[in-house]
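Here is the structure we will look at, set down as structure tokens.
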Amino acid sequence: MTFAQFVQMFANGTMLGFQLSLFATGLTLVYGIMHIINFAHGELYMIGAFAVWFFFEELGINYLASLALAMAFVASLAITLERIFFKPMRGYHIPSFIMSTGLIFVLQVSIISFFGVKDKGVESVFPGLVKIAGVTLSVERLMIIPISLVVIVVFYVFLRWSRYGRAMRAVMQDPDGAALQGVSIDTVCSLAMGIGGAMAAAAGGLLAPIFVVNPFLGPPLAWEGFIVVCLGGRTSLPGTILAAFIMGYIKSFVSTLVDPIAALMCAAAILGVILIVRPQGLLGYEA
Amino acid sequence: MKRRNLLGKKVGIAAVIVAFGLLPVFTQSPYWMHVFILMWIYIIVTASLRFTITMGEWSFAHVPLMGMGGYASALLAMKLGLSFWVALPLAVLITAFIAVFVYLPCLPTTGTFFFFASYAFGEVMRLCWVRFKNPFGGPAGLLFIPAPGPIRIPGIPAIEFGPLSKIPYYYTVFVFMLLSLLILYRLEQSRLGRIAEAVKESNLLAQFVGIRVWRYKMVILLIGSAFAAIGGSLYAHYTTLIMPVDFYWGLGIYIIIYTVVGGTRHFGGPIVGVFLFVLLRELLRPIVMYVPLVYGLILAGTLVFLPEGLISLPEKISAWAMKKKIAAA
Amino acid sequence: MDEPSPKPILEIRNITKNFGGLTALNDVSFDLHPGEILGVIGPNGAGKTTLFDVITGRYRPSGGKVFHKGEDITGLKPHQIVQKGISRSFQLEVLFKNLSVFKHLVMSRHLHTQVGFWGSFFRTPGNRKEEEATEAEALELMRFVGLEVQGDRLGGNLSHGYQKSLGIAMALGPAPEILLLDEPLSALSPKRVTDILDLIRAIRDKGVTVMVIEHNMGALFRICDRVVVLSVGEKIAEGLPEEIKHNQRVIEAYLGGAVRA
């Protein structure tokens, strides 16, 4: 392995880490607050990518504005899904998981019927290459880092200092919701779905120019996100972010050094081992 | 009254069996034969999944283990030249043996943890088929899996399996399905089934009346895997090609959806589920693209409004009618 | 102990149990003698239930040992402990919610059920006889604890009092030599309390050694021969009921903690 190769893998891993952080935060929020496992979260990512493609490529709106619009759109979609489908499922892990797979079908087919199954490309917004430490990296990939950092920081500020954010944290730490401070549990649940959806859409929109956009992006990412959530501790947001980077680097390094199938095997094995050996995850509290 | 009901039920079931047994007399269309052959295979896999659920844990490794049955049986036939009739029982044993290693690490966990841990190990097993070209054939899987050898019964011409007619396959799979259902039903009614029920109701109390919970869970999971392997082996030798993606979690989810929508509490639930979804798929063939959408909506509707599955519908309706009657009186 | 006692049937030796940072039991030792009724009392959170959990193999102790008739049974699994003839009831009802009372009691006879796998699978005539034997035993148990009219009701639908009786019956199913009862009298009406006390006496008269956790000391002291007192994980007293009533440390422990007697 040359140094250049290492830097390349490291940069890729970092990018994947940010993608997974944005994506898995929503999964952790809805798990922590509603105790549901929502695999349709991957579809929110996919729809976010489609929305950015639609606003940016088809309607010609500015990229960052498209991203914001996509986040708003997906957030409202997520809240609608929560109200209709997940409300009765609160607290039931496996039934909610099964329900969410049903929603995967519904959302996938809806997107296919609007936009077809063909890959869509989103034109590069930040073209160009830079040389760092003698290694060539594309600007577009590097730009993911500041943008996702902004989204994550805004989210943390909200969580820490707003009344609603504090209520969300209170519910996650104390499932009986004793410390809701006058915020209704339904509001907290909707907020969690909405914020989670917006962050998934952000991840989808950010990666749209790098990867292709198609209706089948969701489920594989949903699995990865779920593994991240379990590894991090299921209700711990810092744990989720730590686990996202661990997964990002494993994926990047193992894929390059061994092969992509080996990376998938590693991910599945991590899921199995963590669930059995340390069910509270890396940073979660003892169940 | 109860007796008459029971007799009526038996007659009904016998009539259904005879009707489907005579199906090839009415239609020999390869298309419909194909639909029904796959349906019988799904019923074996779904009913055996429900059997494992009777002890309270949901396995997500069931479909990968079905694949293991298919791969084992196909490889025995292709590499060792064994006949299907020998390969199938051997594949069942091999699958049960491998299932020990898939499930053993999962056993200390329960509920959600068991479900996803079993997925994880099943998935690792499945990825082995993708990764190791020799002997599993990699992502392209195994091609040209030999058909079952002819059945020779003295006095009548040998029954040949081949591309010309699907009828021998139809009857083979049909008989395997009936036998599997019979065995699973008897198991559930036997002492093993009662122990499973107790373990499901309270793992803790079961231990304290002296039940070795781990051992019984394992036995039940292995029996489930054995029947999944029968389904996999039949599938492999019928379709003559299998690929790792055939046993991806997509099929696992379908099998779970059949089970849930049909109802897990009753033996007949998953059978109803498979019938409904397979026939629905045929009805919706003109708008085949929307099939998953319809599936998803049916699933969501069932989970919200009929959590015990479609099979509980008659019960629910009669309870509702009773209430009306009482209210009127 | 004034009178010389026979060899203990159960010896608890220096049992310690930690849950993370919390010490639920700290160096607890005492003996259980054959044929006696031993009361275990202590304020909430004293570690009484944890003691039962350690004896019956639900938790492995952090330190110390349990001997049954001189044999080390520390760390055995619950089903192995039951096979040794030690069985227990639960403080909060642990039941098969969707099974009938009758099916509960059939299950409780698991260890003594002769029904074989193949016989049961093929429904052989011999199997029918074995099933009938178990069913008769289940009925007998139902009568013994006064549940004979409730046979068809589901465990989850029983009233609190009947659930308590069913809990005791489940513990009697394995035909134990030692029976551990965790708060069998809690939240019962005075009439039911007397019934259950009579039941416990009847169990003892059958030769079963009984250990009872109970907060209702007035009732407990009417039946028990000796008492062990736990407080915040430590054994603070052991002796005859009369001695315990006037023991200064016990009174302080109860005044310091929540009094529920």
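Each chain carries a letter (A, B and C) given by its place in the written order, and its residues are counted from 1.
Keep this in mind: a residue touches a chain if its C-beta (ideal position, glycine included) is under 8 Å from a C-beta of that chain, and two chains touch if they have at least 3 such contacts.
Not measured: the values here are computed from a predicted model.
Setting chain B aside while every other chain stays in place, the touching chains sort into these groups: A | C. The pair of chains sharing the greatest count of C-beta contacts is A-B. The greatest centre-to-centre gap from chain B, using C-alpha centroids, is found for C. Chain A and chain C have Cα centroids lying 50 Å from one another. Taking each chain's centre as the mean of its C-alpha atoms, chain B lies 43 Å from chain C.
If you average the CA atoms of chain A and of chain B, the two centres end up 34 Å from each other.
Listed in rising order, the residues of chain B touching chain C in the complex are 186-187, 190-192, 194-195, 197-198, 201-202, 204-213.
Residue ranges on chain C touching chain B, taken from their complex, read 56, 58, 77-79, 82-83, 87-88, 90, 94-99, 103, 106-108, 110-111, 113, 115-117, 120-122, 170-171, 173-174. Here chain B touches chain A in the complex through residues 58, 105-106, 108-109, 111-113, 115-117, 119-121, 123-124, 127-128, 130-131, 253, 256-257, 260, 289-290, 292-293, 295-297, 299-300, 303-304, 307, going by the rule given at the top.
Across the complex, chain B is touched by residues 37, 85, 88-89, 93-95, 97-99, 101-106, 108-110, 112-113, 226, 230, 259, 261-262, 264-265, 268-269, 271-273, 275-276, 279 of chain A.
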